[in-house]
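Below is one structure, written out as structure tokens; the observations come after it.
Letters are used for the chains, namely A, B, C and D, taken in the order the chains are written, and counting of residues starts over at 1 for each.
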Amino acid sequence: MKEEAKKTDETTPLPERSDAEILELVKQGKLPPYMLEKTLGDMERAVRIRRLLLESNLARDGFNMQPLPFEQFDYSSVFGRCCENVIGYVPIPVGVAGPMLLNGENVHLPMATTEGCLVASTHRGCKAISVSGGATAVVTTNGMTRGPCVRMKSAKEAAQLKAWLEEPENFAQVKSDFDSTSRFARLRDIKVAIAGRNAYIRFRSSTGDAMGMNMLSKGTEKALAFIQQAFPDMLIVSLSGNYCTDKKPSSMNWIEGRGKSVVCEAIIKGDVVESVLKTTVRAMVELNTQKNLIGSAMAGSIGGFNAHAANIVTAIFIATGQDPAQNVESSNCLTIMEPTDDGNDLYISCTMPSIEVGTVGGGTHLPAQSACLDLLHVKGASEENPGRNAEKLAEVVCAGVLAGELSLMAALAAGHLTRSHMQLNRAK
Amino acid sequence: MKEEAKKTDETTPLPERSDAEILELVKQGKLPPYMLEKTLGDMERAVRIRRLLLESNLARDGFNMQPLPFEQFDYSSVFGRCCENVIGYVPIPVGVAGPMLLNGENVHLPMATTEGCLVASTHRGCKAISVSGGATAVVTTNGMTRGPCVRMKSAKEAAQLKAWLEEPENFAQVKSDFDSTSRFARLRDIKVAIAGRNAYIRFRSSTGDAMGMNMLSKGTEKALAFIQQAFPDMLIVSLSGNYCTDKKPSSMNWIEGRGKSVVCEAIIKGDVVESVLKTTVRAMVELNTQKNLIGSAMAGSIGGFNAHAANIVTAIFIATGQDPAQNVESSNCLTIMEPTDDGNDLYISCTMPSIEVGTVGGGTHLPAQSACLDLLHVKGASEENPGRNAEKLAEVVCAGVLAGELSLMAALAAGHLTRSHMQLNRAK
Amino acid sequence: MKEEAKKTDETTPLPERSDAEILELVKQGKLPPYMLEKTLGDMERAVRIRRLLLESNLARDGFNMQPLPFEQFDYSSVFGRCCENVIGYVPIPVGVAGPMLLNGENVHLPMATTEGCLVASTHRGCKAISVSGGATAVVTTNGMTRGPCVRMKSAKEAAQLKAWLEEPENFAQVKSDFDSTSRFARLRDIKVAIAGRNAYIRFRSSTGDAMGMNMLSKGTEKALAFIQQAFPDMLIVSLSGNYCTDKKPSSMNWIEGRGKSVVCEAIIKGDVVESVLKTTVRAMVELNTQKNLIGSAMAGSIGGFNAHAANIVTAIFIATGQDPAQNVESSNCLTIMEPTDDGNDLYISCTMPSIEVGTVGGGTHLPAQSACLDLLHVKGASEENPGRNAEKLAEVVCAGVLAGELSLMAALAAGHLTRSHMQLNRAK
Amino acid sequence: MKEEAKKTDETTPLPERSDAEILELVKQGKLPPYMLEKTLGDMERAVRIRRLLLESNLARDGFNMQPLPFEQFDYSSVFGRCCENVIGYVPIPVGVAGPMLLNGENVHLPMATTEGCLVASTHRGCKAISVSGGATAVVTTNGMTRGPCVRMKSAKEAAQLKAWLEEPENFAQVKSDFDSTSRFARLRDIKVAIAGRNAYIRFRSSTGDAMGMNMLSKGTEKALAFIQQAFPDMLIVSLSGNYCTDKKPSSMNWIEGRGKSVVCEAIIKGDVVESVLKTTVRAMVELNTQKNLIGSAMAGSIGGFNAHAANIVTAIFIATGQDPAQNVESSNCLTIMEPTDDGNDLYISCTMPSIEVGTVGGGTHLPAQSACLDLLHVKGASEENPGRNAEKLAEVVCAGVLAGELSLMAALAAGHLTRSHMQLNRAK
């Protein structure tokens, strides 16, 4: 970053001035930091100057931004789309678990994480599944939602609005407007709740291979405009009334689903439980009941009936360019374990009603994230079967969770509980 | 990656053989993939070969791992600590929001995200706060938890165990054992719930500047061993009985807190609400009630009384090496808005009972993440005041959320609702 | 109860023997206590002997059943329908609150309670409503539910079952069978959730003027039999899988509704707030936010966003022969208060999604309870408009709750809070 | 009620005038209805005239109050204590279930209900328990709560208040004031939650044999007055901030307990399961998992992990003069079933953290209700061991629930599920 000898003057175009001069302009408030990219026409340089600015602002002994990498990064995929005021990037290491046999295919799970053992543990779960014959995953419901809040003059009128929306012919018209906003949006149903004179209207729509929040917002806005023609007194309080519910714990998503509702199951052979997972079928089943069912019930959980679904969800989400803030609801999961085949084998299922994923949009187009989607063979939009890539990704997430549950539960059972059950078995 | 001309043989030490040869060994099952780092003594090379293996396994037309970067990365900070079976890394762009005036200091928030507008929006919130005089944040409770499940012969005995643990002298002994496991662990209290003959015991301890899960596990294990001497019939079902509760939605964390419980508040001047946030105090207050209080109540939320806390939590977590899977409970937040000063200004507070953060451990030592902590002046352990860095980070997270709430709520209010309130105001 | 002088012998018909002799037979196990009514053909006598038996069994000094009344009671309406092993009855005092102007009619609320002040307080609320112009209540959804649990061989098959039930033609057939079981049952929709290989199927049906649980059970049983023909492998685990959800707290009822979903609203004039309720509009609104919205949110409540809905629900339920155990969900309520008319008046609404009531069946036919229904003009089935009586009763319950909320909230606000707001008002 | 021939005049004392004359005065607004008792000095007559008034007000063809009984009732125990504007009473039939062997004693359960089969079903459960050797119940925590909401100038000050209350010496002073308000109140702990600048303070105290709400209110009021001396800026928003939480669903009571926390357990012999309950151990255990654990989890329940606890709670509550509105939280229950003794017998437990009962106060002094308490040998205050009667009543409620769970679950299992398990057993 060596400085030019020759000083520039006021007439010199900004891109041709030195970093120090640009920095000075920013400090003097003559150039807003967020304009650096546009003004300089060189994104990496903009980032570099922003870092200088930060170092200068902080002016703390020994502080420098150097360990935060910023070079050799494709800022064009980020600028104006994914991040603002960029100062570099954090690299999250990606490990791979598997292959796992899922729906008859071998799947390698890319996991971006800094939690030690997570990849290795999931890998062990994949192995237990695969050698037992594989897992099966199914999407049982599919639809992204938006739940605006509108307000009427009275509760009575709010009730009329609800009744109106529930009339098939009105729904058809609302749907027609909603669907017109996107090639992929297909309004599936509307759920209306009244709270005093407020109405909370939850629109649910399929969204092709996109996670779909933007698509829903667009469609909902159009639909609300249409509804307002019939109810001119209706005040739109907010396009999101927290009735969606996005990135917040809620019974709504647990009960109604959001994004993809997926269930995945596998039968783990008894000898695999012992050789790979180092425990017994009985210990696993007992632990699942005491921890994932009763323990979570005691803790007052809605949707958290699992050991660590969020770990796997988050790792795959970060690797594949999903929105990791959505793991709040995407990691809702009920894990069931049962003895099967006369107690010799272990039946396990993971039920996840609200996995919010897409293979287009968000961070999915970034090169590294895109490569991870490619690894799963779900990169971009599915051409032959629109929406299928996103569904498949949701199935992979659920299957990954199942592998993670198997392995962590086995590790937890492997101590005292397994010894105790071993003694029981031996006693017989 | 140029290949040696001369072929090696069986006696050639593995590190000296070609990539192709190593790959072959792995494929033949003679070298397990997870041994590559140790065997080759060259971590980047191990990663490179693992990628070759993956490409070879997938053998799909057009697939290659190339867009997933892997070079120029400090694998020594990752290997054996943060990730296994590494195949590269995903770079997450980091933007900076602020500065925000928080507790009298200027704070720049590093946010790793691929969600467009998130940084810019938070930045706007920071500005509204700063020009209004700044925000104040306080940690009100501090303690990480572990909630094992143990099992007695009968509910009656489980009740005796509970009574025993609640005796001060017994607690003192348990604490002594617990505290002996770490320089920083200080057991604060124990909460016991009975469910039939199970007991769920929630240990809560301060953990210095570490997030503290490992510290808790270690202390809990020691404590349980001690308790077992008094109750030899006690079976330890699981070191975690989901009564902690880690990475799952739960009322427990909402009501009891976990990690740091933080509250942050600010008063936003009415003119700032209008000039910076482009809305009115009344519109903000009304929207907050209809969306964050009533809307979330209608959606059956426990702890999700906010607009998008998870967005900010996750972005700061990823930037600073926290565990993003913990945003499930770390983003629990109740946002309150009230008119103040006779309705002219806006009082806003965010109450977050379970922010789980540390400035040592986890991914905090990775260079980029460490730089982001340094940006916040909370890198590593606080020497003068152990634990203070982690507390400060929690305060920053909560303040960042407050900035994010301000800005998104203003954006949502800025349409119909603001127009409607403007009309109301004008009418007067 | 005078004893016969002449001793009876073995050939004497049982009804002709003395109480002492009958008691002896029961003690010897020759006559089961539950057979007393049938054997003696005199229900009051059966009760009397059962009391003697109890006194004899307890044989405790000073104990006698005398204070529990049992005479002059119409046992024929109870025997075989409402209660077994009867030993008398407890009289619950009934007070009357109102009249309240509701939907244009004057309504007197019968309340059976032993909680002092409850009737008087509700009465005050009724007065505040009536002098302000009355309350409006609307039923927004109507349908009782039953949620059996069935089990398939695999999650995949459970998903197929769900898809099958969601096909309109299959639903039509299920509905046809369901509806055939009662003149009033009309299946409205089916909601299916998968949990592993379990499916939970929530049937919702209108039920005329009956609360409808029995009607639902009958219809559901028939429907399941039909479904089983299509899915012979389906195991019916339980006619109720707690997915209904009956008499237990659940998000399900809060979000989906059960029985009648009702909303009631009123505008209380500012001067009435001050003269009748002894507080101010501002104090009421602030208290409602801090207590009913934020306080309940802090306590982790689903559906309990009110001050004391359960009090009024229970008192009217007992008076009118409803099932008071159903107040668990019937008292779900969100109370909203807002300033209106430029802050001069108080808008209040109560939203209650799961009021489970009927005017036929249960205890509604008992003379006293029937009189209380008659007081409300909703006795028995509505002939001109089947189902309307039960709906009207639900509206009355909701309106009664609104009156109760007004009054208790005013009492709570009337101390410190009102004084503080009075000072504020004066300061201006 | 024959009318006097001689007309009275204005000077005639009111008690000496005819019913018709008194009625006329009330209609003219000269005598408020609530004054009838005091004015006439004859409570039954007051009730009679109130009924005439109601009939006259309604003036509906065919309506009369006659079927609602009102004569031969001890109004002196009701007037000014239990009910206002009394017009009569509803008799609720009381059946008796049991005896059940509980903690070594035979207990007969009085149940006031109009739900057919409930008593008979509970009776069957009692029998299964008793012939298997009885049930054991233990109170694990005991304390009634009140959770006021107070408000500070800022969140920071609210945090200071919390810290102040958590200092042992301050707690001791608060406790001293609290305890001074009653002979039985003994403050056990204080739990403070911050929400913005609000603080919610949950006081927990033992309350002798009273349910204790009034005692708590009195103590809390005194304690708040004391706290206010240290924090003069503190505004008491409400003596109840819904953080108690009384008569509303909440995670708070489920997690923290309220009133008595009780656990009850029994082992039912395998042959008893088959002969008395007509099903198998395996069918019971499987049903409990699918319905009470997984089904309730799917329905998003906090604390409703049981089949029908509310039924038994409500019936015993009404019989014994408890507040049936409190069954909302008193019926919180987790039912666990496990095979024991190598799968031959059934272990069952019911865990109920918030049973709110008393043997003094409320409706417990009414003659009939008092007789039902006497039947349980818990009438009035325990002299030798204050508080023990209320605890024992809580144990009885929990044991009654256990009996009810056994019987209903057996009935549900007895159809398809039992047949299926029978086949399985036979197959072996």
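One rule holds for everything that comes next: a residue touches a chain if its C-beta (ideal position, glycine included) is under 8 Å from a C-beta of that chain, and two chains touch if they have at least 3 such contacts.
Keep in mind the model is a prediction, meaning the values are calculated, not measured.
**Student:** Can you spot which of C-D, B-D or A-D is a repeat of the A-C interface, where more than half the contact pairs line up?
**Tutor:** Comparing each option in C-D, B-D or A-D with A-C, the repeat is B-D.
**Student:** Check B-C against B-D and say which one is joined by more contacting C-beta pairs.
**Tutor:** Pair with more contacting C-beta pairs, B-C versus B-D: B-D.
**Student:** Using mean CA coordinates as chain centres, what's the chain A-chain B distance in Å?
**Tutor:** It comes to 15 Å between the two C-alpha centres.
**Student:** So what's the Cα centroid distance for chain B and chain C, whole Å?
**Tutor:** 44
**Student:** Distance-wise, how many Å sit between the C-alpha centres of chain B and chain D, to the nearest whole number?
**Tutor:** Taking the average C-alpha coordinate of chain B and of chain D, the gap between them is 41 Å.
**Student:** Which residues of chain A are in contact with two or more other chains?
**Tutor:** Correct list: 193, 195, 198, 251-252, 254-255, 294, 296-300, 302-303, 334, 336.
**Student:** Which of the residues in chain D end up touching chain A in this complex?
**Tutor:** Listed in rising order, the residues are 251, 254-255, 289, 293-294, 296-300, 302-303, 305, 334, 336.
**Student:** For the complex, which residues does chain B have touching chain A?
**Tutor:** Chain B reaches chain A through residues 34, 50, 54, 57-58, 60, 63, 65-69, 72-73, 75, 78, 80-97, 99, 106, 108, 110-120, 123, 147, 149, 151, 193, 195, 198, 200, 235-252, 255, 286-287, 290-292, 294-304, 306-311, 313-315, 318-319, 321, 323-328, 331-332, 362-363, 366-372, 374-375, 377, 412-413, 415-417, 420.
**Student:** Can you list the chain D residues touching chain B in their complex?
**Tutor:** The touching residues are 136, 138, 140, 154-156, 158-159, 162-163, 193-198, 251-252, 254-256, 261, 263-265, 300, 302, 334, 336, 347, 349, 351, 353.
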